Amino acid sequence: MRSTSRARYLIVGVALFLLGFSLAIFAAPASIADDRGVVVVFDKPPQRIVSLLPSLTESVCALGKCSALVGVDRFSNWPQSIQGLPKLGGMGDINIERIVQLKPDVVLLEKASPVIARLNGLGIKTFSLDVKSMADEERALQKLDLILGTSESLRVWNQIQKEIMRAGKQLSSGNKNIRVYFEVNPAPFAAGSTSFIGEILTQLNLVNIIPKSLGPFPKINPEFVVQAKPDVILLTESTVADIQKRPGWNSIPAVSKNQICVFNGDQNDVLVRPGPRMGEAALIISQCVQEKMSSSR
Amino acid sequence: MKTRQLTVYRGPCAILSDLNLDIPQNKWTSVIGPNGAGKSSLLQAMAGLLKWSGSITVDEINLTSFARKDLAKKIAWLDQGSSNQEEFDDSLSVYDTVMLGRIPHQGWLHLPSKPDHIMVEQALQQTDAWHLRQRPFLQLSGGERQRVLLARLIAVDSEILLLDEPLANLDPPHQADFLKWQGNLLTQGKTLVTVLHEIHFALRADFVVMLKDGKLHFQGPSQDPRTHQALVALFDGRVRLEKLGNDWIALPN
Amino acid sequence: MQKNYFLGKLSGLLILSAVLVLLGTLLGSIGASWNMPGSDQTVLFDIRLPRSLGAYLAGALLGLAGGIAQSLFRNPLADPYLLGSASGALLGVGSILCFAYLGNSWLDIIGLNGGAFLGALIGVLASLLLAGGYRSSLRLLLSGVVISVILGAANSLFTFIRPDLFQSIQSFMLGNTTLLSWSGVAVMAIALVICLLITLIISPVLDALSLGENTARTLGLPLDQLRLVLIGILALATGCAVAQTGLVAFVGLAAPHLVRKLSGGRQRVQILFSCLGGGILLLSSDLIARTLFAPIEIPVGVVTAVLGGLYLLALLRRTSFGAHS
């Protein structure tokens, strides 16, 4: 009888141990450092989240915790389910009062947001994440994973990579070394290789006429574009689309063969936000480039 | 120059009302009166700067029938002691400042002609300012500026000259010079009307006009004893007149 | 004697202008070079020459407007933008951008340039209406300030509602010489000739104003009409320049001061030289803006402010020392 009681004690002990262990895991507060270096402690995953950055809104949703969002900023507009949430302001006009009323467990915002001190002073937890590049988004997904207690970031990231590769394959059939110019703004401001858009272009094996040394968003001399002769020009709808009228630009192959990609407002949102829809951004670009290059044959 | 039932308006208010003046030709008429009597307004109305009703005639021709340029050629006006030259760095030379007086005579391109240059030189010579001609106007002293402004007035070569307190900021030697130049103008056949508050100068004029409370108090030759009586009455007997040499001085009573 | 100096100074300014335009064809996105691969040579003359000429003409228009503003209002701080032309132009550009999605053919014809031009004119008209005509300089200036503030607030509201347009509007605000074309050059050249000729003809009225407004009137000048004409020219010149290059700062303010020592007081000369000086200032700034960090461009308004400001600083220090001695 001694062996069975010992076995019973063993089983109960292991069970207790396992129970205690899992309780310990769940009960252990998560301490994660945000992008400012401030360590924020979460006793349990936040149930009420306010996001003041569209990329972060989309990331939270991509990790499956859309239902935890109680408020977003003015510019967050994807996915559909968050569009009914209270809008808490935009760049310079965050509505502190409404945030407080929503009683969030955490507010996700960028490092340079001017309301951090105020919110902290009112006892509201803030977590800063700057998402300006692909690497930033990967890191943000991982950190959000830790906060939210999900473990989806790897899956999401792999999904993004797959989409990007698919977009890249679309282009690689036949078109090698396509030179592109992405104009952000008619000043003209161009997207360089180190910008988020530039990274996508690089992933698609497109050659950005703006060299890396000029930084992410240089204000470029239009003469440079004429000399560089890009094959495709990419720009958004709100920037002036009468490219042909620019002095000397009709000597550029992209202009003379009308290989100009114009993106509308929704597409623009996807392109400029480093977020979980990066794959879609790559697809948008590759689809248009592919279309323009093949139509010219 | 004659005025009949002249009423001068500054905005909606009538500053002067119902004036009937007879200003003699080729003589010096001075206009005096207590502060606020409307002396400057009278001159401004004659120069076409204020609205007036009634009639103002020169040689029986009403001023309203004159074209703008002809009026400018007929009547020239000198502003009261100008402190309006602020910091605006205007470095216009004395010569060019006097040349401005020729504007009424110039065509629409306003290019100075030979007669213009001759007149300007004459005007500057007359006021002993010829040696100042290259200097920037704003760098001159008060007395020198007044001289140049008088030269500007002379350059217009008008028949009638209206001067508003021309001696106010000058010291006695310069005042003496000024009176000398005025005398020269009279010998050239001009008609002068000056607003003054220095009684002893006013009584040197040929003719005196006295204004009080926007109405004519008295007008008459300066040497006439009735004029002197009217003058004392003008100031409610608070002054008395004393003769000193050829001049009459007003002293507080 | 004075006449010789005038011709000498005039030719000096004209030669300097020509040299700068020549430099303009030399300097570009790869630093200083005329050597371009092959057929690109004509293309660059299609880009660099109209851009250099355009910068010069825009600067000349702004210098002219600035000279008029300072002489008319007898204020050394006056500039072409003070009667609401700047805020009006900004609002015009914003409106065209905002309603571009409507695809109205009118909007295509007007374009951003037309929008800026019309906006500038409307701004000045509003100031005139508010002041009830040109009854007094102070009244008109105050109306200009009020209109600028109101339209400026409208602009701020605008960028608040459509923040995506903010960057496009901002490039207009800082001034932009990068996209000047031959058609823009033609428009500005015609405007400059007309405005300059008319102004030079009636400029003696500005000299007469130095004696005071009343005295100027007694000299037989139709003061009110002439001042309205000058305001009209101010609006036209500013509108044309702003339509092509955006709101370049400081040129209209600095150019008259930079040439004042040369002009010797007469407004006819002062305004002509302000015109040339403005062209020289803006073109020089454009050359620096595109060469310093080629192919990256500094906003030209930044360079004009630095150049004009430094030169004015030097002038100020020299005169203050002169006054002490």
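Just so it is clear, A, B and C label the chains in written order, and each chain counts residues from 1 on its own.
Heads up, the rule we're going with is that a contact is a pair of C-beta atoms (placed from the backbone, for glycine too) under 8 Å apart; a residue touches a chain by one contact, two chains touch by 3 or more.
Just so it is clear, the model here is predicted, and its values are computed rather than measured.
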Geometric centre: closest chain by C-alpha means: C
From subunit A, the most remote chain by mean C-alpha position: B
Chain centre separation in whole Å, for subunit B relative to subunit A (CA means): 82
Length of the line joining the C-alpha centres of subunit B and subunit C, rounded to whole Å: 43
Subunit A residues counted as touching two or more neighbouring chains: none
For subunit B, residues contacting two or more additional chains: none
Partner subunit B, residues of subunit C touching it in the complex: 74-76, 201, 204, 207-208, 210-212, 214-215, 217-222, 260, 264-266
Contacting residues of subunit C [partner subunit A, same complex]: 28-30, 36-37, 40, 43-44, 46-48, 50-51, 97, 100-101, 111-112, 160, 163-165, 167-168, 171, 176, 178-182, 290, 294-299
Complex contacts: residues of subunit A adjacent to subunit C: 75, 90-91, 93, 184-189, 214-215, 218-224, 226-227, 237-240, 242, 245-248, 251, 265, 268
In the complex with subunit C, residue positions of subunit B that touch it: 44, 47-49, 68-73, 75-79, 82, 84-93, 96-97, 100-101, 103-104, 106, 108-110, 136, 149, 152, 156
